[in-house]
Amino acid sequence: MTVILGQTFTGISIGAVLLLIALGLSLTFGQMNVINMAHGEFIMAGAYTTYVLQKSISSAGISLLVALPVAFLVSGALGALLEWLLIRRLYLRPLDTLLVTWGVSLMLQQLARDIFGAPNVQTRAPDLLTGNITLIGGDDPLSVANSRLFILGLAIAAVVALSLTLRLTPLGRRIRAVVQNRDLAEVSGISTSRVDRTAFFIGSGLAGVAGVALTLVGPIGPTMGTNVIIDAFLVIVVGGIGQLKGSVIVAFVLGALQSVLEYSTTVSVAKVLVLVAIVAFLQWRPQGLYTLRTRSLV
Amino acid sequence: MNVLKGRSARAWAGFAGGAFALFAVAPFALSDFRLGLLAKYLCMAMVAVGICLAWGRGGLLTLGQGVFFGLGGYAMAMHLKITDAGPGNLPDFMQLYGTADELPWWWRPFENPVFAIAATVLLPMTVAALLGLFIFRRRVKGAYFAILSQALASAFAIWLVGQQATTGGTNGLTDIQGFFGYDLDDPVNQRMVYFVIAASLLALIALARQLIHSRYGELLVAVRDSEERVRFLGYDPANVKLVAYVVAAGMAGLAGALFVPAVGIISPALIGIVPSIEFVIGAAVGGRASLVGAVLGALAVAWAKTALSEEFPAGWTYFQGLLFIVALAFLPGGLASLTKLFRRRRAVAQKSPVIPVGEAA
Amino acid sequence: MSGLEIRQLRVSFDGFTAVDGVDLEVRPGDLRFLIGPNGAGKTTLVDAVTGLVKARGSVRFGGTELLGRSVHRIARSGIGRTFQTATVFEELTVLQNLDIAAGAGRGAWTMLRRRRGVPEPVAQALETVGLTELADSPAGTLAHGQKQWLEIGMLLVQEVELLLLDEPVAGMSHDERQATGELLQRISEERTVVVIEHDMDFMRSFARSVSVLHAGRVLSEGTVTEVQADPKVQEVYLGHTAAEDAADVAVQEA
């Protein structure tokens, strides 16, 4: 029983990390259909922001709290800059965007290597987040790391904030209008280029927040973004374009699957099996879990 | 018809020039060391020929060619490791890790040279056919296909690393000594490997050119530009794409197989996400839709990598990033589009017919 | 020659019913016009027949049921269509476009070899649609009307028995419309043709029979005169009583 509960919670916490990483993508890839491979490096930028802040703010707790908004701004600004420099020229060529942003990602990784050095660095977690909470006591105990709970909470907060922004604010309405019909939005007086840049700012900013969270569960290094970006894209592919709820469900399902398979096989075999499961799933739902059905010929 | 004849004559001249350079000039002009490097670059160019077909002509951005390159490479390396070890012995790394008393069952067929050679091409083609069937039938395309192919490269590399006892793990299969009875330490035999690779590249180019200019090649471009329209003409685009994908996989497999005797190693680091995407950049820089462009682009990028990364490793990474950005954002047709532009200008100046975009070799 | 028989056809997208129980019969050799206001379900009907959208009911052509078959199988059973915006392979030449359209039944060996010369049916189609001179130009460089003719030419070499044309004369000049109409009449001597059209003048000049669609249903059916005299049709076209006014409004909409 405890084993099952333990695996479930491991799955949920893997899922929460996946969700945080994929959330920004659900805006830039899911809503705007831009494949930004440098998204992983925006995560990295968020993580290094935490590292730098901790050097100037001695309290680990305060520096982490300060890092959340600062990382959002740093990565968001990088994203807006990238959108302005390159991506806006490529909206009609999604595959070329993928390769162009891969080039950007290479350069950002090298930049990180030149500034911070190639070896991984580490931050100190605040005392409050280093311990465990015992959920079930007794002979067969089940405990959960506080940092994992914090990430879960952060993921839920980020999802709620993003979906409220999309649903309730004028900005959100404008983003959805542009996603659904760009030309119509343009003639209705919406500056689509400004909406694009703002959406990209938010999506990339969320990557920065994910980067802050990742400092709690692993080392910070120049290639940390590359290691997670593929999984994040798979979440969106399986979840379906243009739907936040698809990404949320799929992140947790893939997390659970990964955890169960890792438990019963090995980490490397689990990776392969998860991919097989994804291809099998796409046989059933080629457009992902949730789709917007339209009659257009594409 | 004159345009057609002119094009075919130019192609023959180019092909003969390439053969002359590879067989008559390079072996005498280059040192053994440089010739070995060239052999390695030519393997990269073989992969690029397949990418030109699948991506340039078919619109399939395959970011997982490393998987097929790796399947071919491992198939060849497994056979060579078994023969290096000699009858009754285990390959060195298996003895080192000491977990197995005998060859794993899936190594056994590779003892047979015919099986191993056939597998270097047929294994990647089979994997590509299975995967392509599942993906294309369900109309998973564009970015989705690109991401899935990349995930495949990632999963394959991770899986190889995880199977240390039977695949050599992170190290891969290294220190390969002989090639079907020839000692690879001998420069003469290295030279022979180079000639095999050069001849294979020329053969693949000829094959790809035939495919591109056949009716199938025209249909492939049609599928790339409007898949749905092709369906209304009574074709199943899934099959059309499948052929290009499978052929490209076979080419990558052959390239991987020949890479092993030329360089002496195959490892997960040569086939994961990063090398897979590096295969694409050469084709992109030279011109994805043009065979000559893709091949020359792959050679140039592979050469630049060696030349620059030896002296300025950091500089190379920045340069490579810039290549991606400049080639794809500002010159999507690659360098080949520059010559086409020039040729068209000249053609317009001479009042002769405009050369169609989809026609350059 | 075969005719088209549609029974109780229904198409809905996420709760919205675009085609709501259409019964339609097109006799072999007919030149049928489908008209109706925007959103009447005309294009969706053609989408359903050609397998692009899922539908319930029955669509039979020459006795075979089409619903549930994949798009390319329906195309192979002799049904071809064009699209509202002319869709041709822009990077290929006119000749290559037609050659591809002619070749769905080719074997692997033929596919893997080069095209030598111009196949006879392709040459004929080039002549019929008047594009012989432009055979080697990329289709992307054609004028709008020429692209629409190329699409019709592609249906001809495809040897379809049923042509479904979605606004084939939109954006054409008066002379081009006249030429297209005459071409369609000639084609319909040997094949069955269904045309979606907003241009009432064009319809009056060339239709053999007309079906009026409204809100996903067939409102009226018959010859041009019969349909124009139908009070239900006049009602739909903005409540005007005179059929002439209705036509003018419809033309502006198109």
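To keep things simple, chains are lettered A, B and C as they appear, and every chain counts its residues starting from 1.
The rule we apply is simple: contacts are C-beta pairs under 8 Å (C-beta built on N, C-alpha and C of every residue); 3 or more make two chains touch, one makes a residue touch a chain.
Which protein is which chain? UniProt says A = Urea ABC transporter permease subunit UrtB.
Here the structure is a predicted model, which is why all the values come from computation and not from measurement.
Asks: Which chain, with its centre taken as the mean C-alpha position, is closest to the global C-alpha centre?
Replies: B
Asks: Going by average Cα coordinates, which chain is farthest removed from chain A?
Replies: C
Asks: Distance-wise, how many Å sit between the C-alpha centres of chain B and chain C, to the nearest whole number?
Replies: 44
Asks: What is the distance, in whole Å, between the centres of chain A and chain C, each centre taken as the mean of its C-alpha atoms?
Replies: The computed centroid separation for chain A versus chain C comes out at 47 Å.
Asks: Once you find the CA centre of chain A and the CA centre of chain B, what distance in Å lies between them?
Replies: Distance between chain centres: 32 Å.
Asks: Which residues belonging to chain C are in contact with no fewer than two other chains?
Replies: 52, 83, 87
Asks: For chain B, write out the residues touching at least two other chains, lowest number first.
Replies: 228
Asks: Give me the residue numbers in chain A that touch at least two other chains, ranges are fine.
Replies: 297
Asks: Quick check: in the complex, which residue numbers of chain B touch chain A?
Replies: 59, 61, 131, 134-135, 138-140, 142-144, 146-148, 150-152, 154-156, 158-159, 161-163, 228, 273-274, 277, 280-281, 284, 314, 317-318, 320-325, 328-329, 332
Asks: Over in the complex, which chain A residues touch chain B? Could you list them?
Replies: Spelled out, the residues of chain A in touch with chain B are 29, 33, 35, 86, 89-90, 93-96, 98-100, 102-107, 109-110, 113-114, 226, 230, 233-234, 237, 266-269, 271-272, 274-275, 278-279, 282-283, 286, 297-298.
Asks: In the complex of these two chains, what residues of chain B are touching chain C?
Replies: My answer: residues 3, 210-211, 213-216, 218-219, 221-222, 225-226, 228-237, 353-354, 356-358.
Asks: Give every residue of chain C touching chain B within the complex, in rising order.
Replies: For chain C paired with chain B, touching residues are 50, 52, 70-72, 75-76, 80-81, 83, 87-93, 96-97, 99-101, 103-106, 110-115, 136-138, 140-141, 154, 158.
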